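Structure in structure tokens, see below.
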Amino acid sequence: MSPLEPVRAEPDPAFTVTLDGREIEALPGQTVAAALWTAGVVSWRTTRGEGRPRGIFCGIGVCFDCLVTVNGRPNQRACLLPVRPGDAIRTQEGTGHED
Amino acid sequence: MRTDLAVIGAGPAGLAASLAASARGVRVTLVDAAETAGGQFYRQPAVALGARRPRAPHHQRRTWERLRDGLAASSVRHLADHHVWCVERDRTGFTVHALRGPLQEEPVTVHADAVLLATGGYEKVLPFPGWTLPGVVTAGGAQALLKGGLAVPGRTAVVAGTGPLLLPVATGLAAAGVEVAALVESADPRGFVRYLPSLAAKLPEAAGYAARLLRHRVPFMTGHTVVAAHGDGRLEAVTVAALDSGGRVRPGTARRIPCDTLAVGHGMLPHTDLAEALGCRIDGADVHVDDEQRTDVPGVWAAGETTGIGGAALALAEGHIAGRSVAARLRGTAPDPRAWAAADRSRARLRELFAAVDSVCAPPAHWTEQVTDDTVVCRCEEVRAGAVREAVQELGAGDLRTVKLLTRAGMGWCQGRVCGPAVAGLAGCDPAPARRPFARPVPLGVLARAGHPTDADQPTEEGPS
Amino acid sequence: MSTRLTCDVVVIGAGMTGAACALYAARAGLDVTVVDRGPVAGGTTGAGEGNLLVSDKEPGPELELALLSLRLWAGLAGELGAPIEYEAKGGVVVASSAEGLAALTDLAAAQRTAGVVAETVTADRLHDLEPHLAPGLAGGVRYPQDSQVMPTLAAAHLLRASGARLLTGRNVTGVLRTADGSVRGVRTGHGDVHAPAVVNAAGTWGGEIAALAGARLPVLPRRGFVLVTEPLPRRVRHKVYAADYVTDVASDSAGLKTSPVVEGTAAGPVLIGASRERVGFDRSFSLPVVRALAAGAIRLFPFLTDVRAMRTYVGFRPYMPDHLPAIGPDPRVPGLFHACGHEGAGIGLATGTGHLLAQVLGGEAPEQDLAPFRPDRFEEEAA
């Protein structure tokens, strides 16, 4: 069973975004985090100290664990950011800033 | 833009306050970070997801529809997707500084004669070995993604911790097709019995959850706790153990449960940053308010979780009282408390109820014993428990601030919101509320112009170039 | 619980200066007790950036003390290792106008004669040192000796290395005196500590301690905010500041002064200072002040516009009317010694201060003349 069934959801058509170049499907109205979870992805960042994988934790914008780079902008909270068609999502390493 | 009252937060408290004040002629601007009103409690699936059958129980749904329709019919100006980073007190009242849009870069200011803080709360999670593994999420986080995004993290979940939030999370995940391998509540059932008179009002609701747990065959383990999460790069299992009556793990009771998701929470904490920066008195973790929900700073009211965790029904009562008080006070009159006698009775009853819940649903007394020295405590700066202990035992720290300065625990992106209670517990000091003048990160380009005369009331495309 | 202790020296204040006094006094063979009403580094030390600067000082006794302190810091860094986060990152002072540059190069020339290494940097070479600096600056001076420590860690580790007895959470309520007026210890909320020598290293609160001993010491608070950004790669390599910072440091104005001081840290965040205002011990957040800090930092480093500020903190610098600290014995109260009033330079000057004070405590002649730092030097003007 999918989480769409209990609420009898009939979403608008899915669209495509990319995670590190790989295409994944996302539903309109989802956050980046919800789209990644639905695609079976649970981590999309590595920490700047020890390079450990992180994904979502608090889910409501408080903990900043789910930071991700979207369309070249680093340090976006995946749990707050709505996913848009064509978004280029990239696994974020370290500070997320290039140098 | 100018308004009589700026309400920060569109959850139950903020909505009730906005409607009560607006109905009495107050010009209200409701500023909220989410795209739609409702807060965490009334979080709805995004419209584009086309949910046709609401998930919430009937009475909750009715209340929500009343608030939603009331807002739509009212003159309240609702600023959605506005992220408040500071409320500044000035000569003529208050200036609310917000960042608009999902990228949180466009500055917006709202000038108001009065402010009502309904900033809600967030979940407290105490650390244990492995809690930083992907797949470990807060109970509220799992619920938020399920409610709002119709997304679940995996196939097999353990729901653990303590408090009333765990029940709806476990039943919600189960209803969405996740196998809930265990619901692990650290509270002792004998505790519930002791507080039965206060908790009686919650019994029908609890019975409903119990029936659903049974239907989904969710094993309910009370007096147990998660002592470790395991996995290589993501969660693969948790170890659960029984607690003795003193809150210590009973040797020989550890049991491994395979799972790909752990939804964990140890209660709630209020958001008090805006209140603290305004100079409001904070009692323990809560913003102090009087019977009218006024803080000790003239012109600043507060309602809901920010004044003490108590759930949506209490937030509604407090918000209603606050809104009526604002309406009277802005007219220069003293309100008549008899006008809100019903809300006042609910408020008293629900505060008593949650005091009982709080007493029963406390984290295990000796939780720090399970936190090994190499357990990461501060997730942002990756500070381990051993460093916190060294700061206290060898470097002379005796308070949260000094531990932070010596270890960097609490200096990262979340500014100690997550690790604060854990660090305080490990250091054996009071979890004093931190000073956070910025309630959220703010671009320096926005900060450089904040409140500046040339900063137009209307948002501009970009910060200064 | 009431205790009674006897030792050679009581140091009041577990900040950077108290820690350095404790370390050097202990190394001189003295039995030291450090008392503080709060935790380690709970005052100005915990609210500063940890500057060890020569660049912002004009030739004179303070610069001489800074140079001595820098040598001692380098030695301690070798001894205590990484935990104090010592970094000889160097300072770069930039001027935006030709007049500003002329004044800056004049200052650098004078500093050179006092032993400071100061390298003139032409406008076209500034970006070799700091690639992200704003265009159009007139030029600058590089000070390779300017360094930094993490001040709270430095205080804590110096205290630990000193082996001194550390009594935190103890408010000093009185200075004990003998019949002839000389000091014999301190009274705290938890009992007396007896010693023939008491060092006032209470920083911004040093005037109150002096008053307990019956001496006047005009130490006053000067409030400063620091802004902290999100973690970044090392985009700002030095401590970089505008030339007008030096005039602000020396200013006597009570009003708000801000001049941009920007530096990257090993931990990631960029620190942005520096504001100075005389508003007493008012800790409340001031948006106008941090707004000025942000604007100044962006003028120096335009890329900061899009970088997010995560927090800000406030501290009180202990300043004295002539901007020099009080170091040495108080001739008015035998047995009372002062080591406070270092304004914004206390971390940098701590080692020299502790070293010289330990020499005096041990009965030696201090290797730098302490006359300019005499604690009673304001008596004449008060009279």
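The letters A, B and C name the chains in turn, as written, and every chain counts its residues from 1.
Keep in mind that, in the parts below, a residue touches a chain if its C-beta (ideal position, glycine included) is under 8 Å from a C-beta of that chain, and two chains touch if they have at least 3 such contacts.
For each chain, UniProt lists the protein as follows: A = (2Fe-2S)-binding protein; B = FAD-binding protein; C = FAD-binding oxidoreductase.
Just so it is clear, the model here is predicted, and its values are computed rather than measured.
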So which chain ends up in the middle if you average the CA atoms?
B
B-C against A-B, pair bridged by the larger set of C-beta contacts:
A-B
What whole-number Å value describes the gap between the mean CA coordinates of chain A ((2Fe-2S)-binding protein) and chain C (FAD-binding oxidoreductase)?
45
So, what's the distance in Å between the C-alpha centres of chain C (FAD-binding oxidoreductase) and chain B (FAD-binding protein)?
40
Distance from the CA centroid of chain A ((2Fe-2S)-binding protein) to that of chain B (FAD-binding protein), rounded to the nearest Å?
22
Could you pull out the residues of chain C (FAD-binding oxidoreductase) that touch at least 2 other chains?
230-231, 308
What residues in chain A ((2Fe-2S)-binding protein) touch two or more of the other chains?
75
Numbers and ranges of chain B (FAD-binding protein) residues touching at least 2 other chains:
381, 412-413
Across the complex, what residues on chain C (FAD-binding oxidoreductase) touch chain A ((2Fe-2S)-binding protein)?
230-235, 268, 308
Partner chain B (FAD-binding protein), residues of chain C (FAD-binding oxidoreductase) touching it in the complex:
14, 38-42, 46, 152-153, 156-157, 159-160, 166, 168-169, 227-231, 267, 269, 272, 284-285, 287-288, 290-291, 294-295, 297-298, 304-313
So, in the complex, the side of chain A ((2Fe-2S)-binding protein) touching chain B (FAD-binding protein) is made of residues 1-12, 27-31, 33-35, 37-38, 42-43, 47, 49-50, 52-65, 67, 73, 75-76, 79-82
Per the touch rule above, chain B (FAD-binding protein) residues touching chain C (FAD-binding oxidoreductase) in the complex are 86, 88, 97, 105, 277, 279, 381, 391, 394-399, 401-402, 405-406, 408, 411-413, 415, 435-438, 441-445, 447-452, 463-465
List the residues on chain B (FAD-binding protein) that touch chain A ((2Fe-2S)-binding protein) in their complex, please.
33, 35, 40, 45-55, 102-103, 122-123, 132, 134-138, 140-146, 148-154, 175-177, 233-234, 379-382, 412-414, 417-418
